[in-house]
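This is the structure I want to talk about, given as structure tokens.
Here the chain labels run A, B, C, D and E in written order, and each chain numbers its own residues starting at 1.
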């Protein structure tokens, strides 16, 4: 069963005007699928997650958007539209594991709290058992001992595993992982990604992975959506998008990625790095035309005036991008 | 130590007198034993080292003296003594009642105990240290024991004062020799007596309870089973407690007289004081050494305004040292009603301008009001006054030794006793560096004082003391302000009793009305 | 180190710094009184100063020895609680102080309890709806409580409840041994003393709670559907209490300080009124003894507060590795 | 003579050994990379090199001179070695105008203000900054400009060694190249020794000639980047490389079935 | 100067800030203008004692017949002057000591903190009145001694702030440039410590005003014939059965002053330093 988000638009009211942080963003994730939502800072990718969870900041407002989860439709413009889903249908893993657990309660207490919601009838003992079991599943050694520990006694990777265990206990249909490895070292990152995939395989949920790292997406995700300044510029399967980027931004993003096995000059000072010149547009007053216009290396006159539609790329029906060059005349 | 050292002069600020007339008192007091307020706690219960009036009052009710003041009077009748006979100007024999038992199992009172008690004033305590109140029995040379119950008092010279301020008062308390030797230093906190009452309980800073002494053999049995004294340093608070029927008797300040008069089931007692408050001028200090300057100051200060402004007009103005009613009161003393012209003329005569002086006083409200009025008064004749207000501790240390040389104008309040010699002694030359803050030195005054001490004839003494007051007046070193006045409220059912000075309460004579 | 070892080490290090503070405070107290200008004995004895008595005091207090010896004498006396005898009443100073301490402690602790019991709920209610009229109203109320000086509060309570309505007694600490009476006498002074702290604690709880509610772990709890009541009342509140508890150490000191005013207005015996009267009488040995007790109490209170905080927040003992 | 040589540097913070016997030498006029995960000690090592952190033991030589923590020595050292902090914008004092900050250099160098101004103009030009930037406060300029201003200030001291701490941390891929290219340019034109501290293996591999890998305060292995990354000798280095997500390895997304796990990193 | 204007504007943009500013301005006007337009506050007129409020005496007179309006406004001015002096002096001294402790070696830091701990071990009110009782009264001593009591707070704040700053890269950059330490303190520490210190100072102003009132009330504050809010309340209570309005007026002024200063201080905190812990 697919999970979908349609026409999500979110505004932030700021001291100097209203920023239209997300504009008509749509996503679709199949059960058991991992969708990578890629974007640079300011692209609005985390806003998608929080709009879905109903945890947006006070100055944010959902202008439009519906979510379909487990066959039910939710009007995201209503406050707390998805409150019923939190901890049941949806779970979330956060960016900073150091801050996402309450420092003055033990791991066990916080895990059991999730179970109060998920399986209300269960008694304390059962919950503790389930929580220990979940810790074991996310490969934390000695779960009994971990239950009695406080977050500050655990490393960042271990804490992230605790949050994953929480997600596991809540058995969601949709797991949102918001930059789950950004704060972690690369070796830990790999382990955490495996745990997320393991969790998906255990309960067969859909996963929305929000990240700025194309490396992570290409390595772990089935599908990919590219977000830029609040607009979804491209989406498709990872393979398709990588082989045939439909949008110049996607292509340039791939070019900027510094690869571990890239060819290098013997004189290191000869090695150059790719840059996307220019700066993000002001989302308070979206300029006409393509949102990427001005930084694009292949733009033409129309790009400045015509807002491109979502055009299919190649033969894959799932692959599309918003670039005028794809417009079939 | 004659001054009221522990008078809580500070005002905590608490009174709802504005709304009180409309308050109805819900609870009626159904007490059979009175609860009264005292503004000072017990300091030291050793009669010779007592600190304030509180102890004096307790000691007089707990201990026996040879003779006891009659209720509300300065005359006395026998108490511990069965008989006292004067055998010469300087010799008295006494005989004690038999069977007068000290509480706490310290046995029967004998002449030995009398000697022991009085010898402490003559020879000092067990370490030979002089007692604080030693001078009360200064005229006593020795005590001789002539039998179990009989003895002889031998005086240095004829003395009227010895009885009034010594033998009858707390200093004359007869203590148990055995008890004192056994108690050691604890006599400061334990009082063993044979009098009408016993000190049944004392919770420092909270309260004490005086209970009737069932073993008392003397003529003055206590009327109440118990009297509870609450320590409430602030008069306004105790007055409010009284209004809330938590108390049956308390002193209050003059400014609440009208309120007090309106209270139901209440008697207001109003006793003119015999104490004396004056502005002292240091006659040895700088420009103040000039008699004319002092006279100018005396003409410039508006004592009537002070009485109005600082004493709410409730106390009357004092003209001289000894209060009306006391032996030696100088009824014809001149009244210095403010005369700016005279003051200015005197200053012109001296040729001095731009005079500035400090005015030292306690930091209670009354003193400060006096100071500020004096300040304003003197400003009008071109004398600048700086007010130096101090806590009691620092204030009373001021006159000591050379420190007193720097004093200029001071506001001083001393308490009086019934013999005029007690009052005049503080103006002697020997008191310079101690309590003579005027530092006024007049050999004739000193001579007269000694004469007064040794004279027994009333008319003669009267003459002597008036003469002394004239000398004081000529010196212009003292500007008399007031003799004070005491106000009490008491529940209609209770009849308190005090000596005519209003300060010495006679707990043993407190009675139902 | 494991957790209990860390806690032990934390307590040990706190005790060490407490010891240092006590030593320093003693030294300061010693110097403060000893550096008073003028002849100490005459300032202290005032009108009772006879040469004999003066010599006696000089000797009793060790003023005839050198400074170091004097300091040692004072410190050892302070440590053993033997402050000597009061020159006025000839009672042991320790007894004088011990007589009044229970009254002040009862006052301070009841005020503190009152401040917590009333202040915390007000803070929580205000934090639940930040910006609402309820919040604004409570904020204004709290600030008024904080800014109205204790002496004004004392007098107003005094006028209304003791004088006007006769509900509660005017003066004193109550009949000794009669607990109900003692409690009745405690109500007004402790309310007077507590009111400012009610405002203060409620503001603190509100602010700390709002700060905590903005933290990311609260978001985690919300994301997992934990009810808002449990989040605020349990998870955030425990964390928000940490700064509140920290301030209580200071608060106790403040309460003891303010007790001077309250004890005088309500004519209660206590360490505040004792110290005030002793200062007025220049009875420095008693002042010193009082301050030694106050400082010791204050330091111990702060130590206890630290311990409670270490219990509330495991990071406090754990972080100082 | 090496630009920097370190011999047996040791430093403990409480129970943790931040530096546990680090020895290395950094040749002149090359780029040297220090790679490691968080807690490896690389930042502590950098701070020790800069003289911001005293060592418990061991010595550091900058261009042959022993590193001494005296003010005179620091003053002298300022002419040789300058840092580029992780967030260069944050290395500009927020309440001073940029001109004030630049003038401080003149005071330190005891150089006439005009001379410094002239040199600054040249440097700003080369870094592509407008001259008007000096009249602004740090918060009034963009992040990219601030990074350049910070670098310009370091260059004003004419250092022969630049130490860059995590230069790309927190930057989007689209802008990190800009900074790296700038460092490369400066390195070439100023003939300076560049020390880059980073957790980003891919970047170090490209801009450095030599590098070390650190872990738990120790140097795991080091040497010429070519061989270091092509054929690492140590298991840890291999693990680091293997974990590096790479767009070129994109294959079918991983499935749980045969996920190999090392468990969590220990405490 | 523009910074001040901006700050004021932002304070005015919220209700509490406006209220605080209004109260504070009202008190300031009262304190500054009041004495200029009212009669001599020390002129005694025994005949007119306890006069009712009226046209000649807006707030009536006291027990010596002095104009209470004049005394209250002079008292307010005096209380404010003292409080401002105490806060300014203690914040400046505290900041400097705190910064030095924060950036100097561990021993100096420990020593300074130990001294602060020791001073803090005494309840402030008791320490203040003990010091004043021991070392004498008078405005200068008063300011000096109360300053001692308030220094540690500012010192702690400045120290904590300096310690944070010390490890920030812009300070380290200055050190790497070998800029003179005094220059670093003056140019880079001070401006960055100032914000929270100003906030703390403004939050402490009402505390000091109330503190002064308490001390004056206990008889340890200003000396007659000068008046301050504390002595006015005290004197008012002394004769409350004759007239209640002097007390109420002084208490009201005191309450408005502290309330205004508190509201303004909190608004200032929100503007300058949103992260600093709330009520102080």
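What to note about this one:
The criterion applied here is as follows: a contact is a pair of C-beta atoms (placed from the backbone, for glycine too) under 8 Å apart; a residue touches a chain by one contact, two chains touch by 3 or more.
For clarity, every value in this text was computed on a predicted model and none was experimentally measured.
Counted as hops between touching chains, the shortest connection from chain A to chain B is 2.
Each chain gets a centre from the mean of its Cα atoms; the one farthest from the centre of chain E is A. Chain centres here are Cα means. That of chain D falls 48 Å from that of chain E.
Once the centre of each chain is set as its mean CA position, chain A and chain E turn out to be 52 Å apart. Chain centres here are Cα means. That of chain B falls 87 Å from that of chain D. Chain E has residues 133, 217-218, 233, 237 in contact with two or more other chains.
Shared interface positions of chain C, i.e. residues touching 2 or more other chains, are given as 151, 155, 261, 276, 279-280. Among the residues of chain B, those in touch with two or more other chains are 10, 12-14, 16, 20, 391. Taken together, the chain E residues at the contact with chain C in this complex read 15-16, 114-115, 117-126, 129-131, 133-135, 206, 210, 213-214, 217-218, 233, 237, 251, 254-255, 258-259, 262-263, 277-279. Those residues of chain C that touch chain E in the shared complex are 17, 20-22, 24-25, 27-28, 32-33, 36-37, 136, 139, 143-144, 146-152, 155, 200, 203-204, 206-208, 243, 250, 253-254, 256-258, 260-261, 272, 275-276, 279-280, 287, 291, 294-295, 298-299. Across the complex, chain E meets chain D through its residues 168-181, 183, 187-188, 191-192. Residue ranges of chain C in contact with chain B, taken from their complex: 38, 42-50, 52-53, 56, 85, 88-91, 95-96, 99-100, 151, 154-155, 158-159, 162-164, 166, 169-173, 176, 261, 264-267, 269-270, 273-274, 276-277, 279-283. On the chain C side of its complex with chain A, the touching residues are 3, 215-226, 230, 235, 238-239, 242, 312-315, 318-319.
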